[in-house]
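I'd like to ask you about the structure that follows.
By letter and in written order, the chains are A, B, C and D; residue numbering begins at 1 in each of them.
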Amino acid sequence: MERRLFDEDHELFRDLAREFNVREIAPDYAVWDADHMMPRRLWKAAGEQGLLGLAVPEEFGGAGMPDYRYRVVLDEEFARANHLAVALAFHLHDDLVLPHLLAYGSEDLKQRWLPQMVSGDKVTSVAWTEPGAGSDLRGIRTKAVRTSDGDWLLTGQKTFIGNGISGDAALVLARTDGSTGRGGRGSFSMFMVEKTEGYSTGRQLDKMGVKASDTAELYFDSVRVPAENLVGEEGKGLEYAAGQLPQGRLAIAVASSAVARTVYEATVKYVGERSAFGQRIADFQNSRFTLADILTEVEVTEAYVDSAVRAFNEGTLDAVSAAKVKLWASERAKSITDRCLQLHGGYGYIMEYPVAQAFLAARLLTIFGGTSEIMREVIGRSVAV
Amino acid sequence: MERRLFDEDHELFRDLAREFNVREIAPDYAVWDADHMMPRRLWKAAGEQGLLGLAVPEEFGGAGMPDYRYRVVLDEEFARANHLAVALAFHLHDDLVLPHLLAYGSEDLKQRWLPQMVSGDKVTSVAWTEPGAGSDLRGIRTKAVRTSDGDWLLTGQKTFIGNGISGDAALVLARTDGSTGRGGRGSFSMFMVEKTEGYSTGRQLDKMGVKASDTAELYFDSVRVPAENLVGEEGKGLEYAAGQLPQGRLAIAVASSAVARTVYEATVKYVGERSAFGQRIADFQNSRFTLADILTEVEVTEAYVDSAVRAFNEGTLDAVSAAKVKLWASERAKSITDRCLQLHGGYGYIMEYPVAQAFLAARLLTIFGGTSEIMREVIGRSVAV
Amino acid sequence: MERRLFDEDHELFRDLAREFNVREIAPDYAVWDADHMMPRRLWKAAGEQGLLGLAVPEEFGGAGMPDYRYRVVLDEEFARANHLAVALAFHLHDDLVLPHLLAYGSEDLKQRWLPQMVSGDKVTSVAWTEPGAGSDLRGIRTKAVRTSDGDWLLTGQKTFIGNGISGDAALVLARTDGSTGRGGRGSFSMFMVEKTEGYSTGRQLDKMGVKASDTAELYFDSVRVPAENLVGEEGKGLEYAAGQLPQGRLAIAVASSAVARTVYEATVKYVGERSAFGQRIADFQNSRFTLADILTEVEVTEAYVDSAVRAFNEGTLDAVSAAKVKLWASERAKSITDRCLQLHGGYGYIMEYPVAQAFLAARLLTIFGGTSEIMREVIGRSVAV
Amino acid sequence: MERRLFDEDHELFRDLAREFNVREIAPDYAVWDADHMMPRRLWKAAGEQGLLGLAVPEEFGGAGMPDYRYRVVLDEEFARANHLAVALAFHLHDDLVLPHLLAYGSEDLKQRWLPQMVSGDKVTSVAWTEPGAGSDLRGIRTKAVRTSDGDWLLTGQKTFIGNGISGDAALVLARTDGSTGRGGRGSFSMFMVEKTEGYSTGRQLDKMGVKASDTAELYFDSVRVPAENLVGEEGKGLEYAAGQLPQGRLAIAVASSAVARTVYEATVKYVGERSAFGQRIADFQNSRFTLADILTEVEVTEAYVDSAVRAFNEGTLDAVSAAKVKLWASERAKSITDRCLQLHGGYGYIMEYPVAQAFLAARLLTIFGGTSEIMREVIGRSVAV
């Protein structure tokens, strides 16, 4: 069935995005992958091209395009080009940091950050997870203590932080009520924390895939955070995080769906060209049946994700729905890339094949941004009241 | 996410359908189930209520409502009421026989049949499958030979024929080119065959589920079929069957989705009321996770099926898309009813529980109207060109 | 790989069992299935043939063959002959009631019961489950109160009781410490309860499958149970039930494995004989692959179950191991019968086909004798200490 | 259930193997992993320790221990130590090259090769696969032409060759009958080919996992192969390869089972130590159930693989049985490592965690040594005769 998500404008934007992949990323992606790092010039180029901060209002230098379908187009093009680490890096900046600033940031914060995030002059991270607390953010121990002059002193350790080394600042969740043990609803606050004294970056984590995106541990040793860098109100950190989760999760669903579609198409091509036993791999009934299942799942997933995108655009994508779409699409992407890899035979195991890269990228999707188990918990709680 | 398939008119029709289930079916369904047969009065009542032949133009006594969403409403209500055998019986009449007559029948045929199919005065069957040929209709051996006066003599055997005993006539696929072995594209023709001399009904088949709908073998021993009862043109039987398959398959997808939703809801209720080990079954994490998965699949399936319904209404649901939606929804219904049954513990195994009935009904969905393997073949062929 | 479980003696016993199926069961099984009941003469014949109470020592009239492989042979032959309801009925008598009497019964109890259970003169049931308590036996509310003369008065309701109508007595688990709510470890006792005043049988339950075995609700209204009918010691009911669970669960695993093997073989035969599209169903790659998976699973399951049988014979099959083998084999049987049914096309849905019967029987295996969820709980607790 | 595969001798050997892992591999494994290469000294050390060529008769310098259980012990210890690339490298040498020489090599060949393979002075590869032919060896195009002096000139290209860069010689399958297209049964011969003029090594392949084992393309440009290096008879290459496949596949099954067990144990430990939401991950019912399933599968797989090991020792492991055990165990390892990874949350995605390494290693198991599809084909053909 025909997809009907996009208008002409989106397709024009798609051309831009496609060109950007070809021109700015493709020539160097393999190097970045080996380096576990991408250069700042990529962000600047993206900014110039108008690919960052799409939702930022014009007054803050943005395009004022909150329509999430543009983000979908971008993700689809990153997937198609097999530049999944770029998609991940932009996702943190655009789907996580940005909406928090837009929704809860003071005018001052917005003015200082948004234009630079749009231009690519500032690259941002989300620093919530800690070595001892991932799924359960109430276990976070990084703490911010207010000084007499109203600034904050931040101390603690974060891990798994994407753009952690390459970025300029992080949206940090920290405990501000002095509590220990599992915190309460109001124990945490959100801060924009710039790299400054006491803020150091630990080692790169050697990830399984999406290597071109750097991921690191961060250490805060009495980092002074200006009062103005508190995002919104004190004690509302968890509430804010929960409030913006739908976008983060929708984004992962969108990426999942895009990866699945791309890998499916690459596999159809592969099995149509490769032969064994005197026929095309595509002509074995098992291949045909496997691809039939996969294509059906791809379409089913697109139909569901697209309806979530529409709901998001209308402001009705709630936390439970976002959990459903994230759970569904990420699990499908995992399973589809696995079956597609298998259809590539030995070549599926070699990193130069896109399916290998996609398989490894997909393995992250059911874990980060909330594991599938956490999604099931969120959904399950809404069911069994 | 909110479903948006229906308008107010559909919801009004839903009230009708719901009432019909309560008033006309519920009191006797268990008896019909035991009898493997439902009475003619049910059809008459449905006709009066305007539930049959919705798509039939007003000139032939119908409501002129080709909008498939009304059929969806009806199927949802049969599912909700756990009257799945009625859904099956109506499906054969309305989704299979009727569209063939509408699309290919001569004016005369339409005039003779449609009004009575709409009123419930005539109940019809589809008689394609034979003991030796199901998936592969080219293997059909029932043959029709033209007599000198232009009528046809029909001889052969059919099996698995729903409404076969209770019905008045069957839409029969028969070989008309005298060939043997696997027939060619043009070897078969379609006939409306009334019960008359030489047309006998074999034994009831003891089905696993949906028992209230009768299913039987049919024998044709030189049955005389008037020339006017040829549907469309000679030699076009297979083409016609293929042409109307999308509706038949969409219908099964719709029913599958409706069964899945209903059983899910019944199960949520059940596990919320039943306890073990001092807590509700709903409160075990395993139950919660299982229901989270199921609910997600239910919604995903609805999103996909709904998009197929829209495509059908617009005339764009092609054979491959219909195969996808049938494959997807029927496999989901099978799996969902199975997991829901399990959540009922021992009670899931007792026929008075709706989940047991639904599980058995669902097991048919991946088989009839084209098995899942045939669906994969159809889809797979379109992929691997 | 060759199975090596059996010696020549077992194969001789197999001949007996096979003949018994042919002679005593096959001619009437369909009638019993329709009646939801099998006649007493079957039990007598089985007794005469030496098929009941194999493990009973010679002094109590038995064959003194605790070697569980004879029971395996019997189950395999019931499965092969598609007489699964007989297997179920015998299982309750031989794998559940009998071991309790052997292990905990007083000399008197043994003398009164065992010879008659061996001869088939007495047919027994296990009556543990209640409408409100299945997985969690501590929720049982049937209570036995000791009278001044030492006898007990039993009051309560049981459900799902196999052989409940046709049998003579039941091994009842009842609360004897007067507690309410969830009972403690020592709150329950086990009794042999004969049909006598106050012991009435409720309605037959209309089961999904294995219909020839009757299953009913039981009501105890101040049934007087003689002091001698207490099995073992007061307050040890739960301990005893737990002690004999391994045999009950092993038995279900054995039956599961036997059903899987039988259905696999029937399906190989079926697809080798049926054709479509000009070739045997067996010759489609999808059929071949499906059967390859199934055969592999059948063998894997046999290897595992056989090792459990050996462990049981050596007295080392603990509760956790029994849970594993029950979980594994029953889930495999469920999945294998489902896939085999699918390979039968429409015929798989018709009850006269053994695969249909087996599919329905298999659906019980993951539920009774402890659900798969309870198995996972038992195993999981042993893991995560 | 207790495993009973091993005697005391095997456990003594296990101590050796374990120590070897600790002393010779562990300190440098990470370096080798980064280098995609392990040093020759490892092979020498293994030779000294008596870990290579176990099955080689004493007359050729071996231990004369064809009992495959010693290889099982070794594989288990490599898995436990997470040194899977070493296992792979040794596997090629010991389970593939060696048995061919033992079974078909001339006295001369054996004398020249076996002692050095046992001592680790020569490291060998298997070079069958080509860019255009993997599953279907009859598609191989590398050809050997006999010269007038009886030697052979070998020309062609191979790929995916483990130990291809680090090794000294390869067991090459080449076409010797001058045919083109798919070869016949007798079109191919087997050669031991040493690195000499015309034998060059292409680039390293960047594999997804097991990186410490080098894998490369090989090029043969008129390499002169002495007449004595023909293994067995001309034209019997395919027959020989088929004859030794059971050992190769059994070996992969053994490794699969060992990986599954190891990862399961690591995961139990991990979830017992990590907490979220105020409890151990192990204490969530979902974790418990998942681990229960996994443990059951681990044991089931061990039971099956062990029975295959016994059959192999007795000389009765045929090609179909070997396909079954390879299919089963490799698919289990893939699925188990995936679920265990998930239970590690974000840490499962970081390469320093053994589960990440194991997951990537396991992904190879369903592909090399014959894909799962080829296994199903082999099994399926034996079924549906």
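Methods note: contacts are C-beta pairs under 8 Å (C-beta built on N, C-alpha and C of every residue); 3 or more make two chains touch, one makes a residue touch a chain.
Everything quoted here is computed from the prediction, not taken from an experiment.
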Result of counting contacting C-beta pairs for A-D and A-C, higher pair: A-D
Centroid comparison with subunit A (C-alpha atoms), farthest chain: C
Subunit C-subunit D separation of Cα centroids, rounded to whole Å: 44
Geometric centre distance via CA averages, subunit D-subunit A, whole Å: 38
Distance from subunit C to subunit A - Cα centre to Cα centre, in angstrom: 52
Per-residue multi-chain contacts in subunit D, two or more chains: 284-286, 289, 373, 376
Category of the chain touch graph - line, ring, star, complete, other: complete
Contacting residues of subunit A [partner subunit D, same complex]: 129, 132-136, 138-139, 159-160, 182, 205-209, 275-278, 284, 286, 341-342, 345-346, 348-352, 356, 359-360, 363-364, 366-368, 371-373, 376
Residues of subunit C touching subunit A in the complex: 284-286, 289
Touch list for subunit B against partner subunit A, complex: 1-2, 268, 271-272, 280, 282-283, 285, 287-289, 291-293, 295-297, 299-301, 303-304, 307-308, 311, 316-317, 321, 324-325, 327-328, 373, 375-381, 383-385
